[in-house]
Every structure is written in C-alpha cells, then in structure tokens.
Amino acid sequence: MATSRLKALAATTASVPITLFGLVLVTFLIGRVMPIDPVLAIVGDRAPADVVAAARLELGLDRPLYVQFWIYLTKLAVGDLGRSVMTSHTVGEDIRRFFPATMELATVAIFLAAGIGIPLGVLAAVKQGTRIDHTIRVVCLAGHSLPIFVLSLLSLLVFYATLGWAPGPGRQNLMFDDMVPVVTNFLTVDALLAGEWEVFRDAVAHLLQPAGVLAYFAMAFIARMTRAFMLDALAGEYVITARAKGLSPMRVIWRHAFGNISVRLVTIIALTYAGLLEGAVVTETVFSWPGLGQYLTISLLNADMNAVLGATLVVGVTYLGFNLLADVLYRLLDPRVS
Amino acid sequence: MSTTWREWLISETPASRAQAAWGRRYRLWCDFRANRLAMAGLIVAVAMVSVSLLAPVLAGFDPGAQNLTLRLARPSAAHWFGTDELGRDLFARVLFGGRVTLGMVVAVVVMVAPLGLLVGCIAGYMGGIVDRLLMRVTDVFLAFPRLILALAFVAAIKPGITSAIFAIVLTAWPPYARLARAETMSIRNADFIAAVRLTGASGPRIVLRHIIPLCLGSLVVRVTLDMSSIILTAAALGFLGMGAQPPSPEWGAMIATARRFILEQWWVPTIPGVAIFVASLAFNLLGDGLRDVLDPKQR
Amino acid sequence: MITRRALMTVATATPFFSFAGQGWADTPKDTVVVGKAIDDIISLDPAEAFEFSGGEVNGNCYERLVVPNPEKPSEIVGEIAQSWTVSPDGLVFTFTIKPGLKFASGAPVTAEDAAFSLQRTIKLNKSPAFIINQFGANKDNVEKMIVATGPNTLTFTIAEKVAPTFVLYCLSANCGSIVEKAVVMKNDVAGDLGNAWMKTNSAGSGPFSVRSWKASESVILDANPNSTIKAKPRRVFYKHIIDPSAQQLQLQQGDIDIARDLLPDQLKAAQANPAFALSSAPQSYIMYLCLNQNVPNLAKPQVRQAIKWAIDYDGIQQNIVPTTYDVQQSFVPKGMMGAISDRPFKKDIAKAKALMAEAGLANGFELVIDHYNGQPGGDIAQAIQANLGEIGIKVTLQAGEQRQVITRYRARTHQSAILSWGIDYFDPNTNAETFCVNVDNSDTARNKTLAWRNSWQDVDLSNRAIAAVKESDAKVREEMYASMQRDHHQRSPFALLLQATGWAVMRKNLKGFTLAPLGLRTTFDQVTKA
Amino acid sequence: MQVEIQNLSIAFPTASGMSLAVRSVSLTLGNEKLGIVGESGSGKSLTARSILKLLPRSARMTADKLTFDGIDVLSANENAMRAIRGKRAGLILQDPKYSLNPVMTAGEQIAEAWRTHRRGGKREAREAAIDLLAQVKINDPARVAAAYPHELSGGMGQRVMIAMMLAPDPELLIADEPTSALDATVQAEILRLMEDLVSRRGMALILISHDLPLVSHFCDRVAVMYAGRVVEELGAGELAQAKHPYTRGLLECMPALSHPKPRLPVMTRDPAWLV
C-alpha cells in the first residue's frame, strides 16, 4: 500500500517539470508577441537610434526566437533568471524581496480566512436551512461577489481614512525602514529575529488590513466548501452511529463529521492559498504593497520579460507546489486512500 | 383534461416519457423554488438581464452624451444616479454597462463551456496519451496566475472587450475540462455505455450523444457559479485598464476612471461597484441554488 | 540609531488600534515624506537616468557645471563652475571650478572629476548621452574634447559653432551632473564605469546622497554633511504610491507630507482645505494630437487645419484639466526662451467644416486615435472624439499602456495619437528639433524625431530649426523660434493642445518647498517642518 | 424497560404536500425480542429509530405517546435523549462500510462509546475495546482494534459495530437490517452472535428485516408493516396463522425446500390495505 502511494506521488511529481516547461514556453511566447518594445523600458522614448540598437543587441533580441528561448532555458537551468531592467537587480534578487511580501500577506490572509471560514461553514451546515445558514451564506457570498479593488478601496476609506483604526498603505511605518536586518524578507519574521517588538507590531498592523480584505474574499470559498462537505458528512450513516452512541453534538460534529472532511478541507485551503498569491495583484496595487503581484503587473506593462518570466515561474512553481502538497497531505493523512 | 397541469406534472405514475421528464423538471423547479435565496438570485438576475436589454428604452439619456457643464452632479430627479466626470448620466451608463458586462459573460460562457467540455470529454474518453497530453496543457493554464495570464494576453493583443473576452476564456476553460474529464471517467465504464458500445456506436457518437448530456447538469451549475467570477475578472481587467475601454460604460472601467472621486463624490465609483456586486451576488446565489437542486452530491 | 529608536518609542506608544483618528504617528520632524509614483525610475546614475523621478533625485544629489538661474531661467549661472569663457571662434569653452566644494565623501571637487563625469556620460552612451555628444564628442575623441587642463580648469571643445547658450543649457542637463571619479571607479565592474553601482547609489556634491532605492517601493535620501548646500531635513523619503486616491488619503492622515500626483478634482478639494498648502509650476510637458502623414486623408493640409479648428481647447482645459493643464498651441513651452503666447486656434466648427469640404471630405472619414489608457488622456481623447465627430470624422479610440502606444508610434503604425512630450534639456532647440526637423524620412533614419514619427517632412522648417541652433545672437535666435512656431501652426500635422502644470500639495506645517518649473530642479534642502 | 408507542406518525414534506411514511403505528415492547418486517419504504426503520429520535432532519413526528422506560421521548430534548442513546439503547445499522467512521480505527470508535458512558481513562477504554472485540468473537482483537473500517470485511465490521453498541451495556438493542449487506454465510453467524449476546445480557432486541422467516426464527414476536402501517402482529410461532393477505403473500413468496413450488407467486397488492 505504501509503495502504491509513493508511486502515485512520484507520477504527480514527475509531471511538474513538464508543466513548468509549458508555463515558461507560454509566457515566453506571450512576451514576444506583446506589442511593446522591450528596449523602450531600458532606454526610454528619447534615445537615439544607435543607443536603441545597442540595447537591442545587449538583450539578444536580434537572435531568432528559438535561440532566445534556448538561451533562457540554459540560464534557467543554472538558476539564472536574468536581470530586470525595471529595478536593475537580478530577477532572483527581486523575487527574494517581493515574493516574501506577498507570501506574508497571503499567509496571514489564509489563516484569517480558514480561522473564520471553517467555523462559519460548519455552523451553516449544522443549522442548514435556518436563518443562521442563510445569513452566513449571504455574508460569505457577498465577499465573493465584491470586486476586490472595491473592497480594498472601501476598507481604506473606512478603516484608515474615517475611523483611523488601521495604518495606511505600505508594508511598514517608514520610520522603521531598514531597522531590522534582512534575513528572510518576511518582515514579521525578521523583526522577531532581531527582537524589535515595535517593528513587529507595526508590520502586523500594516498586514491586517490588506490581509483582511484578501481573507474576506478567500473566506467565502472556504466557508462554502466547508458547508458543502459538512452537509455531505452529516448525512453519513456514521454520524447516525455516532449520535446513537450518545455522543455530545459537539463531538459528533467536530470529531466525526468534521474529522471526515478535514483532509479534503486541507486540500481546499492549500489551493485557496495558491490562489491568493495571484489575488494579491489588485490588493497590492491599492495598498502600495511591494509584492510579487505588483512586480508582475508593472514588469508586464514594461515588457520587462526577464522579470515577467521569473515571477510567473515562481507563482507557477508555488501553485504547483501547493497542489502537490495538497495531494501529498491527502494521500498521507486520509486512511481511506490506498 | 380534468386534472390540472400541476397534477399531471407531479403524477407518481407518468403515462409517457414526456410526462416523466416534465414531471422531473417540475419537481426540480419546486425544490429550487423552496430555496428563497436562490429565488432572490434568479429574480435579480432576470431583472438585470431584462433591464439591460431594455436599456435604450429605460435609460432616458445617451450613455455617451457628455455635458461638461454638469460634471459630477449629485443624484437628482433628472439624473437618478448623478453624473460622471464628463457629465454623462450615470443611470444610463450603469444600464448600458449591464449590456457590456452581461454580454461579455454570455460570450465567455458560450465559448468556454463547449471548449472545456470537449477537451475534458475527449481526455476522459480516450484516456492514455491523449488524456495525459491534454491534462498537462490544462495544468499549464491552471498553474498560471489567472489575472496575470489575462493581463498578458490582453496586453499581447490590444486592450478592449474582445480581447478581454478571449483572455477570460483562456483562463476559464481548464476547470471545465477537469470537471468534464472527471465526469466522463466515471461514466465511461458504466454498463449502459458498454451497452451502447455493443450496438456499434462510434466513439464520437458516444461522447456526443451519451457522455456530454450527462455532464450538462454539473456544467450548468459550474457555469452559473462561474458567471460571478467572469464578471469580477472582466471588472478587474477594466479596472487595470485592460478590459473595455472608455467611453464604453463597462462597470470595472467606470470604477477605474472614477476611483479618484471616492473621497468627495463617492457615489460615482460606488454605483458601478454596487452594480457589479449585485450582479455577481445574484449569479452566486442562483448558482448555489442550482447546485443544491441539480448536483446534490457536489453541493 | 539610538535617537531614532528613542523617537520611535514615543511614536509607537500610541495604542495598536487607536480610536483617535490620528493614532498612527505623524512623520518625524526632520524627515520629509513625499508621496509619488516613482516606478518610472530605472536608474539613479545621472549618465543614464532620463525619467522624471530619477532626474529629481539626481537634482538633489549632484551639482552641475552651470545651471539656469532658478529665479530667472533665461539666465545661466555657475554651480560647480565659478566662471567660464568662450573662445572667439566659439568652439572652446573653458570653465574654472569653484574652490572649496566637496563631495559626500569629503573629497574636494576638482576639474578632473568634472572632466571625468562628462567623458563618462559620452562613453557610457546611455539614452541622455546625445545631449552632450551632439556637439561632436564620441567615445573615441572624448578625452581630447573634454580636458582638465589644471586642477581647477576644464575645457570643452565642440566640433562646430553653435549658440553658446545652447551649449551651456545642455551642460546644465541632468547628464551633466558631476560625479566623484574616485568613488565611481572604485565601483567599476568589468569596465562599466561604475554604472551598475551608480544605478542605486550616488557620488555627488549635492545637498543629499542616496541612502537606498527600492524599486516600486521607496527612495531614501540622507543629508550630505559635506555639501556646501546645507540641507535642513536630515532625510527625504520618497514613498511610491501609485494611486492618487491613496496619496490623498495618506496626506490627510499625515503619513506623507507632500503629495505629488493628485488629480484636478482632488486638487480642487485640497485648495479648499486649510490644512494644506499648494505649490504649482508650469511643466515642460506638452500634450498634442499628431496626424501621421502616411495616412492619405491626414496628409491633406486642409484636413490638418480642420482638425485644429474643431477641437474645443478651452472646454477641455476648463472642464477636464482645470488646474493641471493650460492651453498651449505652440511647441516651445511657456517659461522657456523663445516661447510665444499666440493662441491661433479656437473651436470653430463652421470653419473646420469648410476646410473639410475644401479637402473634398465634406462627409468626413474614419480615424483611429491611439492614446494612453490613464487619466486625463482618456477623458481628453473622448472629448476630442466628440469634437471631431462634429465635423464628420468618426473617431475610434484605441487606448493602450504607455509603452504600447509609444511602440506603435515609433514604428509609425499609428494613424493618429494623443501624446505628451517633455523637453530633454533647457533650450528651445530640444522641441524645435523634434517637432520640425526631419531630414531623412527613411525607416533607418538616425534621428527619429516626432516629425519623422509622423512621416512629416517640411524642408523649410527643418532648415530653419537647424539654423536657429547656430545663431549666437540671443535676440535674433528668439525671433527665429517665434516665427517657426507661427509657421508650424499653419503647416504641421501637430495640433498642440495643453501644457502641463505640476502641483504639489503639502501639509501646512511644511515650509520651504516649491515645485520648480519646466523640469528644473525641485529640491528639498530648504524644507522645514513646524 | 418498557417501550410504548401509540399512534405514531412520521411525515415528510414533498412537492405535493406532506407525505406520510409511518401512519398511526402503535407498538409496545417489554424485555423481549421483537421483529419488524416489511419491504423497503414500509416505515419499519423510521418506527424503530423514532425511539431514539434519530430521524432525518426534515421528518415530522407526531404520536399520542412515545416513551422509553417511562421517559417521554416526544418532548425530550437532545440532552435528555443522550441519556438514552448508547447508554440504554443501541442502534446497529445495515452496512458497516458506511456506518463506521472511516477515519477512526475500530478500537477508537469502540473506546469512544465506552468512555462516553463509563467515564474511564484512555488506557482503560482501549483495553475495554479489545475485550469487547474478543467478546464478539474476533480472533485477533488487538489487530482489528488498530484497523480502519475499510481494512475490515463486512462481517468483521458488523462485529465491531455490535461491540461498539454493547460497550455501554444498553438495555435495548435496535438492529436495523444488520445482515442484509453481508454474505449469506456470514449472516447467520452474525445473527447468532447477536442473539447469543442479547440473551446472555438479558437485553431487549428490535430486529428489523425484510426476511420474515429469518426474523421469526430469532424473535419472540413479529410486527408486519406495510406502507407505514403495522398490518399484523404475531407471536413467532404463529406465522402459519397469519391472517393478513400481505403477510400471507410474504410467506408464499418464500421458496422453501420442504414445499417446492413450480413457480413463485407474484405478490398482488390490494389498495384496500392502505385504508
């Protein structure tokens, strides 16, 4: 049994490089057909013809497409993602800086979303058809129906501008800039490592609002799936057995019904988590959050192809990674899978 | 006929296949009707569609007519929702915006459902190398950050409604393919398919006549639930300047151009925001209700 | 660090969630926080930076040989140069360096540093290099053309005689910034003349030096204690805020001191708000509608004029951009030498229709206009669409991301476009050249001016623009530009529309900040906070 | 222990109004073995489960009287019912594949039942579970205790189920078609085991089945249900005297080696039975 599990896992893992190759290829092609001249981003609109030509040569844009692709792949194989013309750093450095910011946001968001969404979903399922159920469904669906940029703007308007409860856009109070040595680029983690409690508190305060907006969006899906799974589980015969044993409702709901769906929920959460990484694109713009979503959008609109390819690849790898993780968790945690 | 329609429909002993089929549909409708939230969603959705279709009659103003002397007017008897930064009537723009948005939704659905269904059914039915190949392609598109792929695609063609539609299709089909594949795999080995195969039916015929119809239920549910995400993606593209272009009264683009007024003339960006919210919520509620009825095992 | 920490403890003593509205600390007194979209920065190396924000940062970190007098831009004053002379043949400029100037490192500013800086700009040959190398220098001869003849003297030899003011204005451009040779060469990697390092650092004698630049996040400048210009703030913090509404919010909340990108309606609200002060200055950006001459209908002179007569300049200015733009119908921006105040065009549909009929296009034609998808470009494009509709031209708008529009424009695949153009250096030739000169209309032309991009060749205007550069008499030269602009009105395929006005909205407690006109230096050294 | 049911009706809402699944059923049960027989949908399961108030959420239950050992089940809330469920009355369902929690080991599930009503430590409960597994004649109780339900055969699963329900030592065991999902060879074994345990502990038993002769073999008394009604109640030995045509029909449908029939008769139903 263990070997068949491992085999299935190996098969899933083996497909990842193929998918990634496809991802790179598609991104590469999109980048090349884009009607934006990549040279523009480097030399600007005013540069004389010889400067433009020199930059074109430097980027290797004079080579045939397949040669450019091959060069990119060979560099990628040794971990060289090239240099971003927008930031004049290597794409690797940029990703090390921007990706943790997005991950931090998504991580806090997923904890909030799961922490609120799961109990709500369970409650809705237990109270199926009642006013509580309807309320929860509407509240959750509302989160899924509001464009995230409207939600972000409204949230800023209410919690920052009107009530003054939350700090404004950005990742930290600028007085704290450079206060803690960069280790992981997760600001909260770095602050803790440095023992700077004010910086940590400030970072958390800045995180809460954008993460809350993302979480509301994600919560809808998590609550909805929890409810659906729970209804399914509660209708199971083993729940009747559990009740017939005289167990308390809490135990029936959480140990028996929820226990049966928790593995499926883990996969749902993992997928939502991956989805949040890209849901952050718009939120980051409104909240001036220096994350990967903003990096990707700006690079895209500047035809900064190394940056776009690198960042897409990272998001793709993360997405596939989470998928794989979900798969692994499912296979390892659920005794039913053989 | 002495019995009423209703009795004919709910009869436990239908006399014909048609009666049985209609009876089944009627019963589904009764189940659906009992779900008040879903009914609310249906009513709002139908209302929005009809109001959008009747926009030229109802609007009272040309959505593109500028009146620069009357810019950013508050809601009034003449302009129910006020006017925007170019003095255009917001009510008319929201109504016509419904046409754009719902039109985009329909266009996307019309393309994405058959595409996903076809890919999924072929992969599921053929299995083997075809399946693996198609699923890898699906994986590639799934692993893409959705909005980024759409953005990149639009940027690669040119901003506008048509490219936005294609971009959304490009990002929306993989889940359909997955769904259809899963359904096909579960149906493929069913006894009745074996029976059909024994009668000498060809592969394409089996897929078209027997497998696809059985996937339709979950497909309808998926489509309805997806409508809201299509609306939101279209709006996000519009918001980022990559969807419908001004002066088209697309809701997302309206918010994008009007968000700068959020502090003083808050209603200008808020009204299209509400429109998006209501439309999207209506489809979500509708989809939820449909899922309960049509696809109880997914809920 | 210690003082900063002490500051912070006070600042963060406010509760986590304060209900007081001002719970989040105001910015520190000795720091100026500027909210601005700074994602246009691709480099902070003055030999490379050619974008708006990068230029502003350089302006605070570096000094140049000469600069236009900020009070009276038509006059040139020395900055690093104490004085200068021009040889009788007009070819050799000799500069004497001021004594006592110091770089951020504490080292004195020498003629050697100045010569190196200008040579470096030419050798690197990045986008702005043409401003200096248009005088005949290239990477092979530059060490002969620009020479430090003594510790305090520098000569700059040009290939052919031009107006001396033209040379001096060009040397006052950003790419004429003087960098410290020793620091730059210490950071030389593989012969890049320190370019990689200079992208994110500074080595100048200006009042500030670059502490850090994080792309799409922030630029931090620290006061340079060794500069002769003593900066009052200890630190200037550019915070990248792309969304004007977010800038407005943060200004209101006191998270930033100056907002730089507010939109007209937000400016109107800010003007009415006693908590804010505003500073404005005309900018060099001119918005124009161009008509590609490879489109047969647009090549008809009557059509070009009809379009210029159909546009409602005042309506657009007053209603869409009441504060941020002024009507400007000539190519030399107001505030620069050679500018004229003529307003030849106003909306006159009858006249425009008559011109259309004269061109044989009484029934109009179809036209595609490209424009940026941002604001106010979008609104203005829509207004022009409506205006041209009145004379029968059915306009399809094609919005695009900035670089996308420019890509099409440079490839001459547009029919017509609404775009902006800003000056490259502070001399009217910069605009006269680009709007008039097109001596080689082939696809491989070296100088792809705006005239070239619209396939427009007017030999007379080209020649006059080239001649104007060589005129040493300032008065005559000014006249030449004036008459060129008047002919340009009648003949060009450009409908010049508006000139931008820059605005900065600041909190009342901030003193000593003014926005500089026409891309001259906006500096922070005199800013104080009460 | 005495169960009294008077005039019990259970209805479900449908498109065409309320549909009655159980109609005015009255039954009493003392310390005896009662069989309830009927075809699918006859209401036998609902009737039995109503004693534990374990009906589907949408079911509407009415009765003149429904008591378990004097406790009024009709008005009892969830808390009061929990004092009956498991502790005083157990319920065995049809198919252990579905009625056992798939993500808990057999031992955990038995121990949980034991601990809920007997307040003991974890270790004690585990030992009790293994002991109970041994009582239901499982050879390797420790291994089975550590196994997940999907790793057990049907017969084994049902033994686990029985052990679990016997753990709190209830007075009544309701077995809802306990063997119909099992192989014929295992069926008898399980039934014998159950009867053995019930008799030895002096418990009452309600055995629900569609197999009339089988039930009559194990029970003292048999109630025959048809379309939500009890159409006939008989002592186990009185089957031959059954009067109701439905009961007779059921009996005649049985193939029997002692009275071979050339062709099994088809059940004819009389609408009058419903009245």
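In order of appearance the chains are A, B, C and D, and numbering begins at 1 in each one.
As a convention for this text, contacts are C-beta pairs under 8 Å (C-beta built on N, C-alpha and C of every residue); 3 or more make two chains touch, one makes a residue touch a chain.
The structure presented is a predicted model; accordingly, all values stated were derived computationally and were not measured.
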item	value
Shared interface partners, meaning chains that touch chain B and chain D	A
Identity of the chain that, by mean CA position, is farthest from chain D	C
Computed distance of Cα centres, chain C from chain B, in Å	47
Centroid spacing, where centroids are CA-atom means, of chain C and chain D in whole angstrom	88
Cα-centroid distance, chain A relative to chain D, in whole angstrom	51
Whole-Å gap between the CA centroids of chain A and chain C	38
Contacts with 2+ other chains: residues of chain A	34-36, 153, 157, 161, 285, 301
Residues of chain B whose C-beta touches two or more other chains	155, 158, 259, 262-263
Residue numbers on chain A that touch chain B, as the complex places them	15, 18-20, 22-23, 26-27, 30-31, 33-36, 134, 137-138, 141-142, 144-150, 153, 157, 161, 224, 227-228, 231-232, 277-279, 281-282, 285, 293, 296-297, 300-301, 308, 312, 315-316, 319-320, 323
Contact set on chain C toward chain A in their complex	4, 7-9, 11-12, 16-25, 27-28, 31, 33, 39, 42-43, 50-51, 125-130, 196, 199-200, 212, 214-218, 220, 237, 239-243, 245-246, 249-250, 252-253, 255, 401-404, 406-408, 410, 424, 444-448
Residue ranges of chain B touching chain C (in the complex, touch as defined)	66, 68-69, 71-72, 85-87, 155, 158-159, 241-242, 245-247, 257, 259-265
In the complex with chain C, residue positions of chain A that touch it	34-37, 40-51, 54, 84-89, 94, 97, 153, 156-157, 160-161, 163-171, 173-179, 198, 201-202, 205, 285-288, 290, 294-295, 298, 301-303
Chain C residues touching chain B - in the complex, by the definition given at the top	243-245, 248-249, 263, 265-266, 269, 315, 318-320, 373-375, 378-379, 381-383, 385-386, 397-401, 404
